[in-house]
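Common to both upcoming complexes is chain A, partnered first by chain B, then by chain C.
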Partner chain A sequence: MKLKNNPENYSKLASFTLRVALAIPFLYAAVAATLQPEAWIGFMPQFLQNLFPSSLLLGAHSSLNVILGLWLLSGWKTKYAAALSALTLLTITLTNLGALDIIFRDIGLLLAAVSLALLHYKK
Partner chain B sequence: MSAAIASFITLALAGIVDAGYLVWKHYSHKAEPLVCPLDHDCSKVTESKWSTIFLVRNEVLGLLFYVAMLVAGLAVFFMPEFSWLKLLIKFAVGGGLLFSLFLIWVQIYKIKDYCFYCMISALITLLLFVNSLFI
Partner chain C sequence: MKKTLLIISILMVTFLVACSPAEKVPETTGATEEQPTAITEAVIEESTPPASDNVIKITANGFEPKTLTVKAGDTVTFVNEDSDKHWPASAMHPTHTVYPGSDVKKCGSDESIFDACKGLEQGESFSFTFNEIGSWGYHDHLRASTTGKIVVE
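Moving on, here comes the complex of A and B:
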């Protein structure tokens, strides 16, 4: 591949890798929450569980994750997709700080989303 | 097992996006030429004489394969009593992996060029195969 011929290709490949790295967990979370809702409802904030039925909460969560995953993969207006991904991951992290042993990787994903947004900031 | 099925379905979805993008690029007259993330000329591969095997374009075959894997993954989850489905998936993905290896061989030795999206598809098929062993 012509990676060495153009230094900008490294930045393009980094962007592509980051987009895939973020999209795959989003898509996985959507699929897993749909297949096994009882294992995922615990990650929803308690006040939301009190307000809405669990099927609605998980449906909305899966839909948002699918939209974000496909948006990231599409490469369309990536800085906005990355910013929304970062916001989503920040919300997940802050509302599940009690389960840090499980969600600690989300902090890495959050920073990856911020990196992607910065990479596309001026594009 | 549900985690393995969830990851299998996720990989099938990723494959659908990858192959679907190639199909859309080929058949949509409004679409711009195929853009490679590495500024590479993917069309040299995707429009070569090797782009059609078994009378159907490779990206269409790929898309059908990934859709079939998605349906099969869902079927295994919702109908676990049909254990033969798991065996069928292993054979189908094994066949897909062999076909992917053949296409990589074609790119290296016949076309002497690479298509980024085809390599991604081959990687997804490899991961699907490894994943299928845990279903």
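Moving on, here comes the complex of A and C:
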């Protein structure tokens, strides 16, 4: 990809970088929650823990993360993948505000997802 | 434009410094290093612990009191009064390494750590003796948003 004098290519590279930047934590979280479920169940909202078994919650969480990670990497309908990623990250952030020392990075990821969605808004 | 970016950058740095989690940083005083090494104990009991001022109740609303100030060498007891399981442990989730010597990886070993190492059933308690001076954040490992603080003077 020749970047010089071609703004469109910079835009594509920015999109690719953002997609990879978002996909990595989603895929990592999916693997980590599977390997070490006790470390992740604490992030699930209490009302969900009361309604569903931990294994089901973490399984659903990991599945969603894998889908989002692969969807972002695929580059297919990125606008929607980014919007769903932003919604997921917003939910994670809002339901874990008490653990802000840990989830502060998710705020950055949330804004990165919003940026990606905006980058593809008219495409 | 450059001026605006510079102002935003300065504001962000100021905000980050102001919001830095001070409770996670242990107070480094000489007193800690000069103190003789005391035996640290971590005990889980199934019955009601003896009456003490240094008791933290765990309810559906979280830890009560949320912040407790004790003297170095005091033992703090966490009592689960909720029907759900609760797992008190040192910050930070999920590694529990903020309190010196504590680490979730040490669960199952003979070492005494600021970590219940399991979800306490209703009525169960966990006691830990704090020998390190500082402000020590802790949380419920099963609900990462439920937090508290032990100030050791």
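FYI, the second predicted complex is superposed on the first by the 121 of 123 C-alpha atoms of A that agree within 3 Å, B and C clash if a C-alpha of one lies under 4 Å from a C-alpha of the other, contacts with A are read in each partner's own complex, and residues count from 1 in each chain.
Following the convention adopted for this analysis, a contact is a pair of C-beta atoms (placed from the backbone, for glycine too) under 8 Å apart; a residue touches a chain by one contact, two chains touch by 3 or more.
It should be emphasised that the depicted structure is a prediction, and the values quoted were computed from it without experimental measurement.
Trainee: After aligning the two structures on chain A, examine chain B and chain C and state clash or fit.
Mentor: After superposition on chain A, which the two structures share, chain B sits beside chain C with no clash.
Trainee: State whether A:K12 touches chain B only (first), chain C only (second), both chains, or neither.
Mentor: After superposition on chain A, A:K12 lies in contact with chain B alone.
Trainee: Going by the contact rule set out at the top, does A:Q46 touch chain B (first), chain C (second), both, or neither?
Mentor: second
Trainee: Regarding the shared-chain residue A:G98, is it in contact with chain B (first), chain C (second), both, or neither?
Mentor: Second partner only, chain C.
Trainee: Classify the contacts of A:G108 with the two partner chains as first (chain B alone), second (chain C alone), both, or neither.
Mentor: After superposition on chain A, A:G108 lies in contact with neither partner.
Trainee: Who contacts more of chain A, chain B or chain C?
Mentor: Of chain B and chain C, more residues of chain A lie in contact with B.
Trainee: Once the two complexes are overlaid, how big is the angle at chain A between chain B and chain C (Cα centres, nearest 10°)?
Mentor: After superposition on chain A, the angle is 110 degrees.
Trainee: Which partner does A:Q36 reach: the first (chain B), the second (chain C), both, or neither?
Mentor: both
Trainee: After the two structures are laid over each other on chain A, how near do the C-alpha atoms of chain B and chain C get, in Å?
Mentor: Across the overlay, chain B reaches chain C at a minimum of 9 Å between C-alpha atoms.
Trainee: Residue overlap on chain A between the chain B contact set and the chain C contact set?
Mentor: 36
Trainee: Please name which positions on chain B make contact with chain A in the complex.
Mentor: 2-3, 5-7, 9-10, 13-14, 17, 37-40, 77, 114, 116
Trainee: Applying the document's contact rule, which stretches of chain A touch chain C when the two form their complex?
Mentor: Of all residues in chain A, those touching chain C are 36, 38-43, 46, 49-50, 95-99, 101-102.
Trainee: Under the stated contact criterion, what part of chain A meets chain B in this complex?
Mentor: Result: residues 1-3, 5-6, 8-9, 12-13, 15-16, 20, 23-24, 27-28, 31-32, 35-36, 70, 73 of chain A touch chain B.
Trainee: With touch defined as at the start, can you tell me which chain C residues reach chain A in the complex?
Mentor: 21, 24, 84, 91-94, 104, 137, 139-147
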